[in-house]
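In what follows, a structure is listed as structure tokens, so that the remarks can point back to it.
Naming follows writing order (A, B, C and D), and every chain is counted from residue 1.
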Amino acid sequence: MFSMRIDKIIRHSDDVSTLFFSSRLRSYPGQFIMLNLPRYEEIPLSLSSPNSVTVRAVGETTYALIRLSAGEIVGIRGPFGKPFTPTDGKALLVAGGIGAAPLYYLHDYLKRRGAEVKVLFGARKAEELVWKDRFSVLMVATDDGSEGLRGTVIDLLKEEELQQYDRIYVCGPEEMLRKAFTHLKEKEVLGKAEFSLERYMKCGIGVCGTCILEDGSRVCAEGPVFSGKDLEGVEF
Amino acid sequence: MFSMRIDKIIRHSDDVSTLFFSSRLRSYPGQFIMLNLPRYEEIPLSLSSPNSVTVRAVGETTYALIRLSAGEIVGIRGPFGKPFTPTDGKALLVAGGIGAAPLYYLHDYLKRRGAEVKVLFGARKAEELVWKDRFSVLMVATDDGSEGLRGTVIDLLKEEELQQYDRIYVCGPEEMLRKAFTHLKEKEVLGKAEFSLERYMKCGIGVCGTCILEDGSRVCAEGPVFSGKDLEGVEF
Amino acid sequence: MLEIDVASLKMKSPLVLASGVLGSFSPSLSRVAEHAGAVVTKSVGLQPREGYRTPVIINTPHGLINAVGLSSPGCEEFSKELSKFRGDAKLIVSLFASEPDDFVKLSSYFDMADAFELNLSCPHVSDAGLTVGSDPELVKEIVEKMKSRSSKPVFPKLSAATDYIEVAKAAEEGGADGIVAINTLRGMAIDIGTRKPILSNISGGVSGEGIKPIAMKVVWDLYEELEIPVIASGGATTWRDVIEFILAGARAVQIGSAFFYSYRVFYSIKESLIAYLRKEKISLNELVGMAHKTV
Amino acid sequence: MLEIDVASLKMKSPLVLASGVLGSFSPSLSRVAEHAGAVVTKSVGLQPREGYRTPVIINTPHGLINAVGLSSPGCEEFSKELSKFRGDAKLIVSLFASEPDDFVKLSSYFDMADAFELNLSCPHVSDAGLTVGSDPELVKEIVEKMKSRSSKPVFPKLSAATDYIEVAKAAEEGGADGIVAINTLRGMAIDIGTRKPILSNISGGVSGEGIKPIAMKVVWDLYEELEIPVIASGGATTWRDVIEFILAGARAVQIGSAFFYSYRVFYSIKESLIAYLRKEKISLNELVGMAHKTV
């Protein structure tokens, strides 16, 4: 483990903040870190850039995190896990809510490699389309219609001509991942799709056995990014 | 530690053999290894090439070593120690008896770098001028005059026009090292001279403290090769 | 080629998954079982146990420090989970308790077990583990009770921090079928940035490569002192480590922390062991304890 | 900036050379002393002792295993050697013996000593070291006798393999001025090529980076239990390790195996500590045990 200072914080909304570290982590988009705010729990968070995490408050630790002030010191292990497979062709990023976190990083990374990147971003309401200006080519959907399409990101996905993309990257809540999986499978594009999964994690390094999928895969080590093919026949 | 098989043995004389290992060690001329023949002691030996040591029998372990048969397995730690500083100019190698061992390796190494190498080699008698055909430009001396000059390698050294050499490398018994040191100092060429020292060694890695010189230097770590300047004012 | 018997357990290889590593669910146990001789489950007690808050693990260049705190769903839940085990390796269920009768009671939940490991050595839980395993008389009684109720092999797991020879001999007298040595060693780390201990529990158990020489010495000593087989645990990471433990006297070698490096560690070690035995024209059985004969 | 008192010893830095490393001759002790607060000599006994045959040391990526076997020229010869010590750090002479009176007798040979360390913890010599240091009553008696004859500070050095809290408290009651913890841990390695233990003594003591978490826990525990200062030993290699030990409660930190990496280790750690204290605007005294306050 090592520790880093939080240099800057952006409060995107009531319950989502981005924390910037004092230095960049050698990492790839899709990887996560185990972050420990002293006196709280250590939790897995995707990198939203080489030197940031974007956190949504859902419980004790994440609440404390989004309220942090610059200057605080946090413990960090990692980066861990299998990253997204990059492309320099056409990429489709599909984000549901806080699932956008790793895709901010992926977006910038792919663009720097010369890829053509389009993002579909869904949330319950407009305020939850956090940091959407990070994405250059963007289509949005909200459950309440407060911005973009009234509906879900899956509805946006269904509008897409999927054959044109070299890679499709999906991250969001479980329900949305499952629906995306079903649709992409139907369209026979699972081979070029990747999904970032979440599971409760204690170690992050493949030993404790808390994050195991049905086929025995460890989300922290074989994942969190899985190819569509890896997930066929696995309940997730 | 690791262990290696002895592939081949050359018995140069009654009491000197060269043992070849099954593979080359990443090393530089002047470095030594700690070699352990099971059931015997572990002793320091200079590399006489990247995959050999040349041993003179003086006691229990060295006697056993020179009589070894191919196929035996020995334990090896290292290579350790500070190597000779190479040159691609003119080099003078001064060897006394078994002190030639590291100089075989140095000789080949310097020639491969394009250096012009001359060797002065002294021993008590002709048989002890072990493996002398390894040296291409060679002058020899023997105490009993059975080959070359009757006298010592120091007498040979005194004949040399030392200013012409870029580097002078000396290895041999203590007495001879001291005489060479005195002569080279007199001729004011200590700055380009290097001496390979021997001390009883237990660890070879600078912790046990058995091989300490007067100034606190560890022969196994700061040495075994010392520059003439390092040794000024140090009794050795 | 790697077949070996440990007491009455006929194993297809000497490689055994160590307790607590990937051993809480059947899918990972089954996956590891593919290339293992046996898998040991996470230790289970009578009651569900939360375990400690995270951070529960630290990774260092020399190994891990963990204070998972014997988190477990309890024996009832866990036996349901293990009923899904589909692996083709022996299933060894690891039990923890403080009283002899509780060990016996616990074992009654696990019909699917091929053998039991008794965790008498967890260093970071106060009422079980090491507290029990430091008392030779108690260890003997636990083993005796276990053996009087079931014919399944029983392997007490000891710590290097006790007088392990005395405890192992007591276990042997009590009828133990083998001894597992060692569990993790007490240790901790402090983060100099936050100036606090890293683990929520402050201290934990040290495992991994750094403890291998310590485990080696315990295995060596137990091989000299015992008649029953010794199963090594502590730092084995490569096939060389496995051979080293076998030369020291182990009939089987557990691997845990090395899963940090790769899920395929059992596969690659297995293949390397086969290649080694072929090249050296020697059998596993001959290698067990061989380093003692040549001293 | 690094000045610190350990009992009555006023040291210019908390960095101390560990016993047995570069400590057999005055030239190396003097050289290390340049950037150290104190240097501890190789342990010395009443009689000369050969030590074990080589190999006496193994270097691994996680540290060393040594079985030098307390080789020593004996107290008479050694006191002559130490009379040549010219270093400007405190000179701590490490003593080993089996009997309380022998410790006292030994100490009478070393007028030049600023303090004495009592080696009650060497794991690989049968009649001294750990055999003595596992007995709290004996330890207390040794310390009492030492203190009744001389006012020089006395630092018993303990092993992690004993009930170290009990032993340390006995030493404290006996009047010890501080406790050094820990010595090496029992361990061994086997070469799979020759199929034999590597060390001539078969087993030895494990030191170096791999044992740091274990030493850290002992230092932590002793800081909680004792009034007298704790001096850490075990795996300190970088300035970060030194700070970590100080946060755990050490007033001084010994360094031994790290000399494998560089003779300049004290110099570079010293400079880094100064830079750290400046940057963090904190004093060494404040840092001692600080990790306990924040838990």
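Before moving on, here are some points about what is shown:
Just so we're on the same page, contacts are C-beta pairs under 8 Å (C-beta built on N, C-alpha and C of every residue); 3 or more make two chains touch, one makes a residue touch a chain.
This one's a predicted model, so the numbers in the text were calculated from it and none came from an experiment.
Under the touch definition stated at the top, subunit A and subunit B share no contacting partner at all. Traced through touching neighbours, the fewest hops from subunit B to subunit C number 2.
Distances between chain centres, each the mean of the C-alpha atoms, put B farthest from subunit C. With centres taken as mean Cα positions, subunit C sits 37 Å from subunit A.
The mean-CA centres of subunit A and subunit D are about 50 angstrom from one another, to the nearest whole unit. With centres taken as mean Cα positions, subunit D sits 33 Å from subunit C.
Residue positions of subunit B touching 2 or more other chains, listed in rising order: 38. Counting partners per residue, subunit D has 189, 192, 194, 196, 294 as the residues that reach two or more other chains.
Taken as a graph of touching chains, this assembly is arranged as a line, each chain contacting the next along an open chain of partners. The full set of touching chain pairs reads A-C, B-D, C-D. Residues 20-25, 27-28, 30-32, 42, 53-59, 64, 66, 68, 189, 191-194, 196, 198, 200, 256-257, 259-260, 263 of subunit C are the ones that touch subunit A when the two sit in their complex.
Taken in their complex, subunit D has these residues touching subunit C: 60-63, 65, 160-161, 185-190, 192, 194-197, 202-203, 206, 209-214, 216-217, 220, 240, 243-244, 247-248, 290-291, 294-295.
The part of subunit A that touches subunit C in the complex is made up of residues 1-5, 34, 36, 38, 41-43, 73-75, 77, 202-210, 212-216, 218, 221-222.
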